[in-house]
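The two complexes that follow have chain A in common; it is paired with chain B in the first and with chain C in the second.
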Partner chain A sequence: MEQGSLLVEWKKDAYELWINLKFEFLKIRRSSKLLLAIGLAAVLPLLFYFIPLLSGGGFPDNAGDFISQNMNFVSLIIVFTAMLLAGDIINKEHSNKTALILYPLPQRRTNILISKYVVSLFSSWFALFIYYLFTAVSVALQYGFSEIPEEMIKSYLFAALYLSAVLSVAYFLSAWLKSPGASMTLTFFGVMIFLPITVRLLDIIGIDSSWIFTNYSTIITSIFRFPSGQFGVATAITEDEFYKAIKVVTTSAIIFFLAAFGLELNKEA
Partner chain B sequence: MFQKNVLRDYELALFVSYVIETVELSKTYSGGVQALKGLNMKIKAGESVGFLGPNGAGKTTTIQILLNLIHPTSGEVYLFEEPMKGRARELLSRVGALVGEPGYYNNLTPNDLLEYICQSYRMDKRTTTLRIKEVLEEVRLSDVRFKKIGTFSTGMKRRLGIAQVLVHDPELIILDEPTLGLDPKGIREIRDIIKGINKEGKTIFLTSHNLTEAYEINQRFIFLDKGKLISDESIEKIESILGESIIEVEFYKDVSPDKIDLVRRISGVVDVKKDTNHSFILEYSGDKKTVHAILKEIVNLNLPIITFNPRHMTLEDYYLRLYSQNEGN
Partner chain C sequence: MESDSKKIFVIGLLAVIMLFNLSINSQVSGFDNFPTLNQDLTLPKLEISNVTLSDDLPEEGQNVTFSVIIVNHDNYSVGGLVLLATIQQIVLVNPHGQTEEEKPVTITNVTLPVIPANSVYVYTGYFIAKFGQYTFTTILTSTLVKIPLSNYVFTFEVLSPPVGDWKGLRIAYSWLFLTLISLFLVPSIIDIFYRKQAVRKIKE
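This part shows the complex of A and B:
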């Protein structure tokens, strides 16, 4: 009996998740945000390819240098995407009063909130993928297809993980702050400025800062320099450091997600 | 005797089922505002209830609690005779509600929104398509079914709100000030739609600060003031009150309570109630001669009278009287 009703409950939740995933996807597809995120992810690599090409400014000698120059902006792309796709994802339902339609429906808030996160996560991974794709295409056009480094896959996977943590921060701020403008702004400045400054300050006073995930944004590009030091100077990162990075970034993604959840489930209205 | 009791139990079990019941419902907001102070009410299946009160009376708060959007500080809510706690998802599937002034996703179409809502109520594809068509016809939005909601007027959005309330054919319909902020034409449209729903025998719980509006739609009226129920009347009671003869009396300055007591003692006068600032409503029994006699007496009392207007009680008089009586409390 108990098991039977548990199964029924689980089926209800699965169904609610499914319809909310579809609905969230519809909302994000109809808004200009996804397009904007993808657009920026595509335009940046294209600029770095076409501007030198057309102006005759020339390219670096090897694909490695070309990539490392371009990829300087990857963390900007990541924060921008997270801010756009999740920076107001929860508080906007309240400020626009659409929560008054959404929340009285016979479904668990949990399912709505998970759907929101999942849809923005996959959308942002897609935007990031477009960035890598266009970077790879410009490498292929300039240096030949075989020059596309296989580290790109590893870099993408780590960048996607890092993006998940940034997205969780955005998601958390959108549940915590009332104003969508404030949560979006704070997402950007928090991840780009406040957290890195905190890291620096902790380092200065000699407190361990390795638990702050923004420490590891550089791995996205330094992946290209190890293990062989093939491109440029090898700033070797050890396996241990890499796994620590994965652990810290994953934990941050989960903690911020759960914190947002706790806030929103207890919110009135 | 025995027979009678059996019948009563039988009645209770089969006919009288309460769709909404609140027990000592109280809500204090985090800022300290006591929006509800021990509200008790029972709404039977099939009733059409107007939930009335001025701004800030606690109407929206009550509705938000009924919909599990906010939690009461104390007290219980029963929907369909089941306690709300822990069962909101099941119970709310039998309710259609329009709360406050909801917002709409500007980039979606009525079809997108209603499809999602039908899905959340677990309706199958065929029923969904059919109901969306029906309900959009009912609120006269068929021709904008695939247009973006962002382009809609306030009146159209409100009608979409009604469509969203009705689309899953709920047993209980809750509407919070459905005509608020609309122009006269929009108000007319919404009232006509609601009157249409009324005929289908569903339970309706409608809030309004306008008794005239509720009178047009509902059969029972619950009056709320400062978080408390102050009166609960049937339409028959209100109709009988409307026949009452009154005289509206206005003075140009304050009149002491002693003087008002003198007025109250004039023969023919049944009661005197404060209306607004310097105005009073005199209830009397009698004919035109009585009215004339009362006027003469008031003049004799040397009161600062400037208006003397005998007429029948209106809904507005009744409403004002109810709330001015409650003023001191």
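This part shows the complex of A and C:
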């Protein structure tokens, strides 16, 4: 009887979640943000292909160098996409007063929050996929299809994981701050400037900063194994560092998501 | 008029005397017999035509064999040559935003055997590859004088070992989805628990 009622509850929740997912997807599709994120993800690799082609500047000798150089900008795409798709996803409901309609409805708030996160996560993964796809197409056009390395899939999967962490930060800030503009701005500057500065300051005073996930954005490029995409004295990453990166990035993604969840569940509509 | 011609004659005479003295003083005594070094030092006509690596894109830790192809364009054999090969890591920008120079590492500094006239000599050496972008430089010296055509420079890259296995990524994604699934499932369990407690209290 209990088991049966639990299954009934879950079934009801699943239906609610499905409706919310569809609703959130429609909202994000109608807004220009997704289009903007996808557009930027498509245009940037094409610029790297067409500018040397048209200017006669020349391409690197091998596909690996070309990819490594292009991938230097993937962090920017990640932060920009997370900022656009999740930077105001929660507080916008409060500032537009739509939370007053949404939250009193006979449905779980957890389902609303999960659907918001899932839709923004999958949309940003899709934008990132477009970036990788267009880079792969550029490689195929310039160096041949066989030159597309297997590492691209690994790099994409790590980049998508890193994106989840950045998205969770954006999600957390949108739950914590009241102003959508402030949370979006803080997402961008926080991940691009404040966290790297914190890492640097901690390094100066001799405190371990390896728990800050922004330390590991370079792994997206390092997976390609080429030194050309690196800054400074090139150092190869070890398997242990890779595992540590995965642990830190995944934990950050989960912690920031749960923190946002906790904040929003305790809020009044 | 007469005095003018006298003056001109005196000035002319003085000029001739001065010119004569000048021509005498500008001549160095024994000039023609003084030995001069007006001929360039003749260096052997040796050229490093190519340097090849056993692998174009070596991997870190790999033993890379390099071959230096030396061509002797002279009609006589050359001995006592020293081959120096160095690699220097290219640094783009260091973490502090400054460019810095890495010191070149000598991988070969050997005296070569006599290279016969009009022949090609191949020197083979090896080094252990370390991750990075490098400039490879070779130079031949004959009695400490660098032979210009032997300065051969090229860049190469050393790849890092393959990194990132699928297992770690699979685990990471599983944790992410498990968190989302548990957040979806847990509220119903809590609800039923509280409902059950409430029913028990009513019954009591």
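Here is the rule we go by: the second predicted complex is superposed on the first by the 259 of 269 C-alpha atoms of A that agree within 3 Å, B and C clash if a C-alpha of one lies under 4 Å from a C-alpha of the other, contacts with A are read in each partner's own complex, and residues count from 1 in each chain.
To be clear about the criterion, a residue touches a chain if its C-beta (ideal position, glycine included) is under 8 Å from a C-beta of that chain, and two chains touch if they have at least 3 such contacts.
What you are looking at is a predicted structure, and each value in this text was computed from that prediction instead of being measured.
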| item | value |
| --- | --- |
| First, second, both or neither for A:L141, with chain B first and chain C second | neither |
| Partner chain(s) touched by A:R30 [first = chain B, second = chain C, both, neither] | first |
| Greater residue coverage of chain A in the superposed arrangement, chain B or chain C | C |
| First (chain B), second (chain C), both or neither touched by A:I114 | second |
| First, second, both or neither for A:L46, with chain B first and chain C second | neither |
| Partner chain in contact with A:L100 - chain B first, chain C second, else both or neither | first |
| Which of chain B and chain C A:L201 touches, first, second, both or neither | neither |
| Touching partner for A:F257 - first (chain B), second (chain C), both, neither | second |
| Common ground on chain A, meaning residues reached by chain C in one complex and by chain B in the other | 108 |
| Residues on chain C engaged by chain A in the complex (per definition of touch) | 57, 59-60, 89, 91-95, 102, 131-133, 157-166, 168-169, 171-173, 175-176, 179-180, 183-185, 187-189, 191-192, 196 |
| Residues of chain A defined as touching chain C within the complex | 2, 5-6, 9-10, 13-14, 17, 62, 64-65, 108, 110-111, 114, 117-118, 151, 154, 157-158, 161, 164, 219, 222-223, 225-228, 230-239, 242-243, 246-247, 249-250, 253-254, 257-258, 261 |
| List of chain B residues in touch with chain A within their complex | 64, 67-71, 88-90, 92-93, 95, 97, 99-105, 107-108, 112-113, 116-117, 119-122, 164 |
| Of chain A, residues touching chain B in the complex | 12, 15-16, 19, 22-23, 26-27, 30-31, 96-98, 100-101, 103-108, 268-269 |
